[in-house]
C-alpha cells in the first residue's frame, strides 16, 4: 500500500531535463530515503511533489488522489508537508508563534469569524496554542517558547522547522537534507527524532546527502542521477549496486 | 505629414531623457537590486545645477552640462552614503522608502530655495533652427540633446565593457559574493554606479531643461515612467533602457497628437503593468545580470 | 506603576472621551480630528506593509477614491454620508480586488512599483475625467453627516466636538478590526507571509488569497478615512493623493512601528501634532517628514513602539535580577 505514487514524472526547464520519466512508490509507514549527487534532481523532485513546481509530464498521486495540478498549500492541507534545504523558520516570530503557523492547516477560523470574535474561533485558537506548547515540550524546547526564532541556536532552529511541519499534522513528511550543517551528535539526535515521528504513524521521505543517516534509518532507498532513477531497494542492496557505486565513486560510503 | 515628423522628433527628444534617467535606475537595480527613487530628483537637480551655473555664475551652457553631471554625481554619492550604505543587508523594500524619503527632501529643498515657479535655463542654441527639407524645423538644442545622449550611452557601454571598473560592475551584478571573493572592491562599485546613475540623470535634466522650462516637480512623474522604461527594456539592460526610452517617448508624443492628450502619461504605466504581468523578464531581456 | 498598568484601558478611554473638553479652542480639536483620520490611514497601510510585508506604494489612491466616491454620492446624487461611506468602502474594495489580482503575483519591489503605477493612472483619471470629477478644481460643498435613528430628531454632525467623536468612533472601529484580524489565525497567515512566503505556503497557508485579503481590507480602511475626511473638509481634489499625504502616512507607520497595533496610532498622533508645535511651513514640513522617514528607517527600524518595547523588556530584566 503506497501513500505516494509518481508515475512517469518529467520536468524540464527550457532545454534542460531535470527529471525524466521518474517512477516512485513510497510505502505507507516507511522511512524512505532519496539520495543522489548534487544537481541530480533531488530538490526538483521535492518541488514537483509538493506543488512548488508543476511537472512537465506525468502524474503524482497522494493517498490515491491526484495532486500534480494542486497548489502547494492545498497539498499541504491534504497532509503532505515538506521542510526546506536551507534553514527555514519565521525568523522574527517566537518559537510558539512559529509552530502556531504550522497549525494553520488544521484550523478553520475565517477572517470574518476573527473580526466578529466568535467563541468557536477563540476556542480554536487556544487549542492551537496548547498544541504548539505540547510540540515544543516534545522537542525539549519548552523554555524557548517566547524566544524569537532568529535567536535560537542552529540545532534548535532545525528542530523548530520540523516542529512547524509536524504541527500541520502530515501523513507524509518530506525532509530536505535535514542533517545539513549538523555535527555527529546532533545528527544522531535527529535520527532518533525521525524514527519517533515514524512511530507516530507518519510516513517519512528524506532527501539526504549524509549517507550514514540514510543508510542508518531508511528501510528503502531510491538513487537519482541526472534526473533518472538508477536504483531502488533496501540499503544493503542499493549500496552494492555497481551503478550507485559508480555515481558515488570517490565518496566514502562507510558501510 | 509635418505634424507626424515633428511629433516623432519631439518624441525622440523626450525619449532620450527617459533613456538617460532610466539608465541610472537600470544600472543600480541590475547590479544591486535596489530601486533608487531619487533618480527623478537627480534629474531635476541636474537642471537646477546647470541653471545656477549659467544664470548665477554667468557660465557657458555647455560647460554647465558637465558641471551639472559632476556636481549631481557627487550628490548621488551622498545619497548612496545616506540612504543605501547604512541599510545594506536589510530587506530590499527599505531602499524604496529610504530613497523616496530623500527624493521628497530634495524636491522640497529646491522648492524652498528657488520657488515653485518655472525657470528658464538659457542655452545659446535653444532658438536656432535647423530646417530639414521644409518638413521639419528642429531647434539645434534638440538635435544636440539627441547627439549628446547617444554619445553618453555609447561611452557608458564602452566603459562597462572595456574598463576594469566596468567589468567589476558586471561581475557584482552576476554574483556579489563571488565578486567580493575575487577581490573586487564592492564598495567602490557602489560609489561608481551611483555616481554614474546620478550623472546620467543630471545630463538629461541639464539638456531638456533648456528645451522646456525647469521646475522643482519636473522629476515626479519621470521616476515612474523611467521605471516603466526599465521594465520594458529588461532590468539591468543599458541598450534596453535606451530603446525602451525612445519607444516610450515616441509613443507618448504620437499618441498625444493623435489619440489623447490627457492620458498620454498613462501609456508607459499601462505598458509597464502589462509587461510585468505577462512577461516579467522585460520585452528585450533576460531577467538578471547587466548588459 | 502597576495600578496605572491595570487601569490603562479605562484611563485611556476616559481621556479620549474627555479630550475635546480638555482642549480649548477649535484648532487643537481640529488637530485631533486630523489625527484620527491619520490613525485610520496608518492602520490600513500597516496591515499590508507591516503585517504582510508587501509595500503598497500607491496606497493613497484608495484614500482619494474613497473621498471621491463619498463626495459624488452626496453632492451629485444627494445621498447621505452613510451611503457615501458604504459606497467608498465598496468602491475601494472592488478596486483593490482587481488591482490586487494581477499585482500580488509579483513579489518585492515589483509589487510596490505596480501599485504606484495604478495610483498614478488613478490620479490621471481624477484630473482628467472633468465631467465627473471637475478635474483639478475638485468637488466642493460636501454636506455634513446626519445621524437619524427611529424615534429621534436627526442630529447633525457640526462643529469640532461632534466631529471629533465621529472620527474617534471610526478610528476605534478600524483599529478593532485590525486588532482582531491580526490576533487570529488570519494574522498568523499574514505574519507567516511576511517572514517566509514559501514556508507559509508549505504548511498550508494559501498565501495569495491572504495577501489579497489584506490588500483589500487595507484599501477599504483607506476608503473609510477618505470618506470621513471628505465630509469633514467639505471638498475633495486630486491633492488627496499628493506627496504630502503619501509621505505623512508612510512616515507615521514607519516611525510609529510597523507590524504593531499601537505603532500607527502613536505615529499618527505624534506626526499630526509635532509639525504644529514646530510651526513649520508646509514645505519645511515635507522636508522634516523626509528626514524623519530616512532617519527612522536607518536608526529605528522597529519604530517608536518597537524601541519602547525593547527598553521595557530591558528594564524588567534589570529590575528582576
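Letters A, B and C name the chains as they come in the text, with residue numbers starting at 1 for each one.
As a convention for this text, a residue touches a chain if its C-beta (ideal position, glycine included) is under 8 Å from a C-beta of that chain, and two chains touch if they have at least 3 such contacts.
Keep in mind that what you see is a predicted model, and the values were worked out from it rather than measured.
Farthest chain from chain B, judged by C-alpha centroids: A. A summary of chain positions shows that the Cα centroid lying nearest the centre of all protein Cα atoms is that of chain C.
Each chain gets one centre point, the mean of its Cα atoms, and the points for chain B and chain C are 33 Å apart.
Separating the centre of chain A from that of chain C, both taken as means of CA atoms, is a distance of 41 Å. Between the Cα centres of chain A and chain B there is a gap of 48 Å.
Partner chain A is touched in their complex by these residues of chain C: 177, 180-181, 183-189, 191-192, 194-196, 198-207, 213. Every residue of chain C that touches chain B in the complex is listed here, in rising order: 53, 55, 57, 102, 105-106, 108-110, 112-114, 116-118, 120-121, 124, 127-128, 243, 247, 250-251, 254, 283-284, 286-287, 289-291, 293-294, 297-298, 301.
Those residues of chain B lying in contact with chain C across their complex are 33, 35, 82-83, 86-87, 90-94, 96-98, 100-105, 107-109, 111-112, 220-221, 224, 227-228, 231, 262-263, 265-266, 269-270, 272-273, 276-277, 280.
Taken together, the chain A residues at the contact with chain C in this complex read 50, 52, 71-74, 76-77, 81-84, 88-93, 97, 100-102, 104-105, 107, 109-111, 114-117, 121, 124-125, 128, 164-165, 167-168.
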